[in-house]
Structure formats: structure tokens, C-alpha cells
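By letter and in written order, the chains are A, B, C and D; residue numbering begins at 1 in each of them.
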Amino acid sequence: MNTFGRSFRVTTFGESHGAAIGAIVDGCPPGVEISTADIQLFLDRRKPGTSDLVTPRRESDLVEILSGVFEGKTLGTPIGLLIRNESAKSSDYDELREVFRPGHADRTFFEKYGIRDHRGGGRSSGRETAGRVAAGAIAAICLKKRKISIAGRIVEIHGESDPALFEKEIKEARDKGDSVGGIVSLTISGCQSGLGDPVFGKLDALLAGALMGIGGVKGIEIGSGFAASGMLGSEHNDPMTPEEYLSNNAGGILGGISSGQDITIRLAVKPTASICKPQNTIDKTGNQRSITVGGRHDPCIAIRIVPVAETMAALVILDTLLEQEKYAAWKEQE
Amino acid sequence: MNTFGRSFRVTTFGESHGAAIGAIVDGCPPGVEISTADIQLFLDRRKPGTSDLVTPRRESDLVEILSGVFEGKTLGTPIGLLIRNESAKSSDYDELREVFRPGHADRTFFEKYGIRDHRGGGRSSGRETAGRVAAGAIAAICLKKRKISIAGRIVEIHGESDPALFEKEIKEARDKGDSVGGIVSLTISGCQSGLGDPVFGKLDALLAGALMGIGGVKGIEIGSGFAASGMLGSEHNDPMTPEEYLSNNAGGILGGISSGQDITIRLAVKPTASICKPQNTIDKTGNQRSITVGGRHDPCIAIRIVPVAETMAALVILDTLLEQEKYAAWKEQE
Amino acid sequence: MNTFGRSFRVTTFGESHGAAIGAIVDGCPPGVEISTADIQLFLDRRKPGTSDLVTPRRESDLVEILSGVFEGKTLGTPIGLLIRNESAKSSDYDELREVFRPGHADRTFFEKYGIRDHRGGGRSSGRETAGRVAAGAIAAICLKKRKISIAGRIVEIHGESDPALFEKEIKEARDKGDSVGGIVSLTISGCQSGLGDPVFGKLDALLAGALMGIGGVKGIEIGSGFAASGMLGSEHNDPMTPEEYLSNNAGGILGGISSGQDITIRLAVKPTASICKPQNTIDKTGNQRSITVGGRHDPCIAIRIVPVAETMAALVILDTLLEQEKYAAWKEQE
Amino acid sequence: MNTFGRSFRVTTFGESHGAAIGAIVDGCPPGVEISTADIQLFLDRRKPGTSDLVTPRRESDLVEILSGVFEGKTLGTPIGLLIRNESAKSSDYDELREVFRPGHADRTFFEKYGIRDHRGGGRSSGRETAGRVAAGAIAAICLKKRKISIAGRIVEIHGESDPALFEKEIKEARDKGDSVGGIVSLTISGCQSGLGDPVFGKLDALLAGALMGIGGVKGIEIGSGFAASGMLGSEHNDPMTPEEYLSNNAGGILGGISSGQDITIRLAVKPTASICKPQNTIDKTGNQRSITVGGRHDPCIAIRIVPVAETMAALVILDTLLEQEKYAAWKEQE
């Protein structure tokens, strides 16, 4: 299942150290102005090598639009997106041909498929998200025309919620050859009420599925989240006046349908699995091994998850928006 | 979207106070022994009116198998499941024809569809889950043949984690006309490695989507969950020996694929939205109103979510298991 | 796969001699006026026992709406439809427990599933189409509001194209214990241009798939059909004037998209497989057997396929119409 | 909808005169030996410019595998396939920016999307099928490992069924600036019984949908096809002996499930719409125009449809085979 969405469908492909990464966007409305530069802005935010807090792997991550856009506008036909892999230093990964890295998908991929591309995690690499981001950029551009915006940010690193200390936490871990986790918050603003389809296509369910599918995410909260479990109904219910909701414990979604309030989400991100400390593991033949993961890694993947989470949320919101349009259109014609 | 799953597909229907609730199960393997009594066991766990901690609404919730089972075994054809609604005291709900209850989907359903069945929440009622449970019971029975079991339980009520205090918390809230939230844990045991499909059908993503789609769930954790955000990579990675994983922060899923360890999940459940205290709200024409929700309600829906969460998880696991079988079968024939 | 459609999704269930036949319609626009009587009109056209040219099996085929309709209007939630089987004379079918009828799916169902309900063909019986017709009736009612109509009729029986001879051909075959085939034509009128989705959801492809899936259909033509293979391009192309297309060899579909002309289709229907003459066959253990099929059968299923074909076409047209609405809505808001 | 299949899913992209054509194959079993050369063999059969009976447009149609294959074997991850467009003489098509060609999708695309790539038909060009053929080649290679083969051939051109006259018919039409239709037959051999899913995923329905979705196909027959409509049941039913079916009017499919016999199909293909004779048409603003279609065209597209039909059939057969494997696997483990 490398396809996401019902109306706005994204199919991605690509291994970390293969020839290319990319995506096909199917179901984009026709007539939308899209340029390579528009998409590139999103990719550049996700790109490695941009600061000393992220992996030094160098990828220009230049996207090429292969189809579906003609004279600057979408045709309604599928949009092919291609990003060539450049910095594919496969030799870094020779040891990994036989040994499974702890915290990674090396072993589970092998057990599932009986074969794997060991170079940089292959398909399970975070690099896979470049395809999602390129596709999600198009969704975000469409949403902007509807005045819907999605903003993610880091709200905690290694238990610290003071932004002044984020860099310190990351560098301390990195300097010890270790890594840290964090929490990402996401706010979706300007979203109309009525999006999401009960009972198996609820908006919160779709968002949870989309965001839990980002590598490294271990928890998701909508609105009050886990705090709700400690509350009384009289505290949690959001009262209404003719003008507004007086609080937003619901996180902008009631009964799986958007209420028109801001949609608020929090994501728990685990520490990067690749660390330079020796770890106990096994190899393909089941023998005990110790491994120290070389290569170039992010000390805190939460940072680079921010643009990925934004674009995944954009895919969900645009998809449910297009699904809802057909019924709205029907009613207007009645 | 009232259909769930790819290989084992469940489609449900039914409003709280309509004629009936039910489901069609499509894609159940043929030759599985299934009886009405087997399914009834699961429904009885979800059923209202079973103790003084849940709603006194009386529903016998008797399921009828309409098709797909012949001489006690599944045919491989769709299994129709029917549960008649009995205790449909619609008059309890006359006030709700015009007024939106806080914390409920009354307003969002109206804004989405322009029409709604106001009686007991209609399709947004927790009663809808009877259809899921009947269908999920069949999944659980299939999984039992593969020695996979799923067990849910309450681990926190209103912030209390001592089981001795759960009843006290619930009764205290109920006696004040209020309600409480809680946390449900779920453990899936006996699950083989290899289930789940990167990148948009990851097992954790499917579980998160399935469980966040249960009414009242506001947060989900897999394995270490939010605690992961405060950990170092060297603490979080699960080391391996030839015999076993030495810890389970991953929660049994790595890279979206089951590892063979127990799959561990926690769900945050909000307090029941229906409370007997007066609340500020609006009506369909936008006027300010005060509402005190009558009718028969659960003071803590977390309790009744346990069997629903178990059966939703069963649907996900069986579905991914059947998806995986085709590739396993392919390899065997190579 | 017992689900059909993307936006307007129909899932059916039921065996010929089980407890019931039925369907769930998911994705019907909200606010549409629907009554049991409206649906019953369509079922009555398909119903057995209505003349001496069709099977004398008596089924009242009364449909019950279980959900999704409230105070006479659709809610936008799934519509459950139930038809109880009444005339289930299973004993007629005792011989078929072991023996495979030629021309039927008895053997292939057994080879696929390893188990089957032998009574009247079980799921492979034409009775299954009652569920489709009930669901398709709702689609047809929706289309009527858009002034789209679908009309089927018999145009050939046993090679005869003179309607005056249809009854004679059928009775002659029936009196000899035999059956006859025929050709059904279908005309869809009032359909706007723009329906259908290249390249795998072309309107002609969807119609062909929908109609070939009706038991007994062996061939399908759109517009010029097989005659096109004998034509020159200069004969086949439909010239255009500002007012109209000057011919309709395309059958109302160009490049998989409706053109606004009438959509014209022809279906080849095989003779009913159940005949009273002795036939050579085998049983479950592979032994040679002779069989004379008892029970109550149609001497010419083409007749009863007419309303089934109309409703299947209605499902396709409404589904593509709803798919198209979302993009139309998008453009209007630009 | 540019995605085809359930288990073996193909998503294609690309316009005739855009940057590239291609596909993503998702769900290919892991461990299958695949090379660029294997796929190229199939593309070369479809390629333009290979004889004087087909279009002289020159395209090398070289395919690049972008992902999903590692050290010569499939990984189970999506396989990205890329074919660059080379011979994109857009200037040939300048007139078509404003004028709709009769028999083409120019007008319906414009009416559907409100925008179109006029160069060579854009997405509606037969060139789109290169993506399908590349993907279907992989399916055919997988099927070969199961000893299933698919062979297509021309059986009629312009009403002539004598192969000695095919070339004559085509050249005669071409020399007059005209084009001719034809009939393609397809035989699928070696296919096990049990493929296809009643009631909406019947094997004949899937094949009909897949093949009617090839541009220019106007009719489809399975087995006896339209001849069935003129037969008696006693003639049409295929008798069985312990060793075999004694005839094959069913065309290898009974009740939508393969019987193990050869699957036989016939396709009616219309004459190429592009002809050099003047034709009456209209332009985008609705004015009457005359058009003579320049560019490079096939005088008989039936010829080049043969490899496309074979690969589409391969996609259907492999998809249903993988779907069936999961239930077969389940039974084995019971």
C-alpha cells in the first residue's frame, strides 16, 4: 500500500540509495497554478544538510514535474514527480547487508519480504518522505486557495519545553553519539466545518493514520488528548455561543467531522534509531553481533518530521475537502 | 466511508434509534466455523445495561446471521449481520431535534449533511459500534485459529491508576450528574512478524486510524508512546539477542511491520459527553440555549470502549494477515 | 469483492436459499426523498413469477429500509436494505449437493472456496441481483432528479429480432425443456458530458465491467460495437456541428468520457443454464453423472436481466456523476 | 482514477508530448527476477515506427527502473518505471489547440476538465499505453513463473478474416488517407480454476473493464459472446467428463470464476480516428470548422492494441491470482 487518499491520491516510490524517489498525484483538480519552484519550497524545508542539527548528507532534492501540468496549470491528469538520489554512498552500508540495526526496520523488512535493500534502510529510510512532501506540497498549494493553512512546530525536545534549550539538548546528545526524541504540534487553521466521513473515514482517524505512518511517530493526540482521560465531562465539553465555541478540547473535530475550529494535534517522536554507540543485535543468520551505526544521521528526527507532518495533514484535509465538495455540489443543485 | 479493511472488509449501517444496526463482512476465508452464539459472546460484552457503571438502556442485542454461513461454516461469501433496535424511546430526544449537545456530533453532522436523525445521536451514537463488534467478533474468531489474541483493559479512570478506585471515581461523577474519562490499554499477543505494508499501510498507522475512529478516543500511543519523546536513542532502541528482543519500546512494530513481539497500545478516552448538568449551547437557528441532557447514559464510556477497541484491532490484524498470506503463498511456490 | 462504486458504494449479501438478500448503500447524497414504495417498483420489475415467460418461483421480494432514511429523506449515512427469502424449497436441490450443473458456477465455486451452498446456486444464483436492484433503484431515483433516464429492452431472442416472435421463441424452447439466449439494448439519456475518469476509470470501461458482471452476459458493445471493426475511419468518426454530433458511432462516450449524446449499449445474454434435458456432468468426487435440472427456472434470462442492467448502469452513472461534482465544485469556487 | 488493480496495483502517468510516460507498480511479490531488458521486450512490441503498417513516429521507448528492484530481484516495494518522450514535435499540433478532432477525446477532455494538453491528444493519446505495457510486462513475467501465458492476435481487419488480406486492407485505407478497424482475439492459457471474486469482482467483469478501457475498443466477447444470444441452453452448456469440459462456450469462466479451461476473448477495435480526409467539426468557441488531421498516425490501431490487450489481461490475471492466494494459504494452514 503505497497509495494514500481517496479523491486526491498519492502513490510514492523509491529507496534511499536507489536511482530516484518520487510520486504520482492523481485526482488534483484541473486549472491549479503549480510550478516546480512552488513544490521545491516544501522540499527544501525537509532537505538534509541545511543546519548542524540535521544530517550532513547532501541532497539537492530537485524535483522534476514529469506530467499533469501544462503551461503552468494542472490538467486534472496524474502529476508525475521525480527526485533523483545523488548522495548515494552505498559503501557506508556494507556492514548492514548482514546485520540488523536496533530500532530500525531492517529485521522486520527482511522477515516480511525475505529480501531487502540494506543501503540506508532502503524503502524504510526517512528519505522516502521526500515523495510525500513533494505530493503534499501540491495539496498545500490547493488548500491555500481555500485559505486553509497548516503549521507545525517543535514543542518539546527530550522532555524540555523551553525552546531556548532545544539546541542544547540536541547537541549534547549528538556529541555523545546519541539522539533525542521530541514532540511536534500541528495546527490546521481556516478549515470549514463538515470534513470527514463517519464511521471509518472520520477526520481524526484519517489524521491519526496519516501521521502515525510517519517513521518515528509513537503517539498522537487530538485536542485535549491524553489529558482528556483525567477530566470530567463538565470540564471537557466545549460550550457554544452563537458566535463561537468557548474552548477547544475537541481539537476542532466532533464525531469525526471538522467543526470549523482550529484542528490541534500533537505527535510524539522517538529518538533517531541510528546512534554511534555500540548496541547488541543479531545478523541474518541469527548470530549475536555488536553494531555501531556509521553513516550520516539526524540527532533529532523530530525537526525534519515537521514539514512531513504538515504535508501529510495537507493530504488528508484536501482529500476530505474534495470528498465533501461532491455532496455540497449536489445540495446546491437540488 | 462506512467500509473498513482491504482483504477482510466490514461495512456497517444503522442509527441509534432506527430499525436496526448491522454489518456485512466481505472477504472472510471460507470454511471457518462460526455460530450466532460465538458472535453473541462479543456483543454481550459491549451490551448496555449490564452493571450499574454503564447506561441502563436495555438492548438484548441479539445478532442474526443473514448469509455467508452454511451448515455452520463460512462460505467465503459476504456475511450479513443484523441486530434489531428495541429500546428506542425516541420521545426522550424531542428536545434534541433543535438543540446541539456540547461534546457531541449533533452540530457537525448537521453542518455536514444539512439533515440529521436527532434521536440518540443517530449514526454518531456509540450504538453504531454494535455493528463493528459483531463483524470484529468474526475476525477475532479467525485470529484465534492462528493463536493470536487481543486483550484490552482499563488502566486509568479520571487520572487514577489504582483499579480499586475505578468504581469510586465513576460513581462519584455519576452521582453529581457528571462523567469521567479514562485510559484503555490493548495487548495483541501471538502475532507473527511481517504484518503491515509500508509506507501508507503501516501496521501502527492502520491501528491508530482504526482506534482513533472509535467515538471518544482522543489519543493513541504505540509502545513507548509519548514517553519516547523524552528518551535518548540509546535508551529507546530495543537490543536483540538470538532468542529475543530485550525490551519493547517499539510496541511490537518496527518500520510499520510487526516484529513478533506483543503489540502494545494505549488509548485516551474522553469523559462521556452526555451529562445531567446544565450546559451552554445553541440551537439550529443559532440562538443561545441551555441544555441538560436527559436519557440514559454511560458515566464512563472507556469501560464499553474496551470490547470495541479489541474488535477493531482484530479487524486490522486479520486484514494485514490475509494481505501478507498472498505473498507468503507466492514465495512458497517459487 | 461484493462492493461496487467509489462515491456511491453498494455492498450486497445473500444466498438464493439463505435467510435474506440485501445491500448497504454508502455515499448516497443527503436530503433525497426515498420511500420503500419507490424501491419496490424496481424490485417488482425484476421479481419472479410475474408472467408465464419467467420462473414460477414465488417471492414477494418486499424490501425493508433498515437505516439511512429519516422522515422520508436520506441522511447521508448508509442505507441498509433487507429482502427476506420466502420460497426456499431447499429439497428441490438435494441432488445438487454432490453434482455440478453444466453452465452453472457450481463447480467453479467449489474449486474456489472448497465449500458451497448448493441450494439454488447459493450466492451465484440470479436471485443475488435483487440486492443490486434495490440499491440501484436508489441510484436511479437520484438520477431522475438530474433528468437522466436509463431504458433497457429486449432486441433479439434466439436470433429473432422481430418482437412479435419473442414469445413464440421462448415458449417453443420452454416446451422442449430447453432455454434461449437474447440481446438486451440499453440507452442512457440526459447524461451530461464530462463523466468518466481516464485512464482506468473510463465510463465505457466501468459500464462494461458493471454489465459483464451480471450472470449470463457474454458480450458487450458500446455504440457501433463489433460493427466498428468493419468500418473505415471516415465512416466511423462522428462529425460535429455547432448544434450537435451528426452521428453516434461513439455511443455517447469519447476517450472514456461522456459526450452528452445518448449512451448506447448492447448486451449478449446466454440461454439459461438450467434446462430439463439430461446433460453429461461430474460430481464432487469426479465421477461421470447425468443430470436433469429440476426446480423452477426462467426459459430466457435475458428478460429479467433488463431491470438488472438498467440499475447497474444507474450505479455507474451516478457514481461518475458524484465523482465529477467535486471538480465542478472546485472550479466554481476558483 | 489512474490506478488499476487491488493486489497488484498499477498507477500510470504521462501525456503524449510531455516530459515522460511511466508507471508505479505496487504489490509485486518480492524476489522475482526482473531486468530492464525483460520489460523492454514488451515495450518494443508496442513501439511505434516498427513497420510500414504503423505510425512512423520514432520513439526508442527505453524504460528505466527507478526503484523496487535490487540486485536483479524485486524487493516487494513499489517499482518506478520511466520512459522519456523523445519525438515530441509539438508544432504538428498547433492547429489542435483550438479545434476538436472528430472521433477523438479532444472535446470531452475539454468539457470535463476545462483545460487540456492539445499536443497529440495529451493524456488521451495511445501513447499512454506505454506505461501500462511496462507495468503489465512485470505481471506477465510473474505469470510465466506460474506457467500462465497470454497470446493476442488479429483475427479480422475491415471485415476480412483471411490473414493474407490484412496488409492489403490496411494499405488501401492508408493510401486513401483513411483507416480501418479490426478484431483482436486473446487466449489466456494455463490459468488455474478459482480466480475471480463474485459478485462485483468477477473475472469476466474485470477483464471486460480492463479491455474496454483501452482506447478504440468498442466491443468485448467472452467465449461464445454474441453468438450465445442465438443459441439454445442445450447447445450452449459445456458438458463435463471426469477428464475435461467437452466444449468451451463459457470461454473459461463460469459464474465469474475461472474454470481452468482457456480463457477466450474477442475485442472489436474501431478504425483509427486520425485520418487525412477533411472532416466537419467545431472549435473551442463553438464555430464550425473543417479539419484534416496531420501528424503521424497508425492506419489500423488494432495492430498495436494486441500487446496492450495482452498486458492488461496479464494485470487482471495476476491480480486475481494474488487475491486468491491468500485464501488458498489460509486453507492450507487450517
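As a convention for this text, a residue touches a chain if its C-beta (ideal position, glycine included) is under 8 Å from a C-beta of that chain, and two chains touch if they have at least 3 such contacts.
None of the values given here were measured: they were computed from a predicted structure.
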item: Pair joined by the larger number of C-beta contacts - A-D, B-D; value: A-D
item: Interface composition of copies subunit B and subunit C: same or different, split at half; value: same
item: Chain whose average C-alpha position is farthest from subunit D's own; value: B
item: Rounded Å distance between subunit B and subunit D, as computed from the means of their C-alpha atoms; value: 44
item: Gap in Å, rounded to a whole number, between the CA centres of subunit D and subunit A; value: 36
item: Multi-partner residues of subunit A (at least 2 other chains); value: 1-3, 6, 12, 30-31, 76-77, 112-114, 123, 198, 327, 331
item: Residue numbers on subunit B that touch subunit C, as the complex places them; value: 1-3, 9, 11-15, 18-22, 24, 26, 30-31, 64-68, 70, 73-80, 82, 112-117, 122-123
item: Interfacial residue positions of subunit C with respect to subunit A in the complex; value: 6-7, 29-31, 76-77, 145-146, 198, 322-323, 325-331, 333-334
item: Subunit D partner contacts - residues on subunit C that touch it in the complex; value: 1-4, 6, 12, 100, 102-105, 107-109, 111-114, 123-124, 128, 132, 156, 158-159, 173, 178-183, 193-202, 204-213, 215, 218-242, 246, 249-251, 253-260, 268-275, 277, 279-282, 286-288, 302, 324, 327, 331
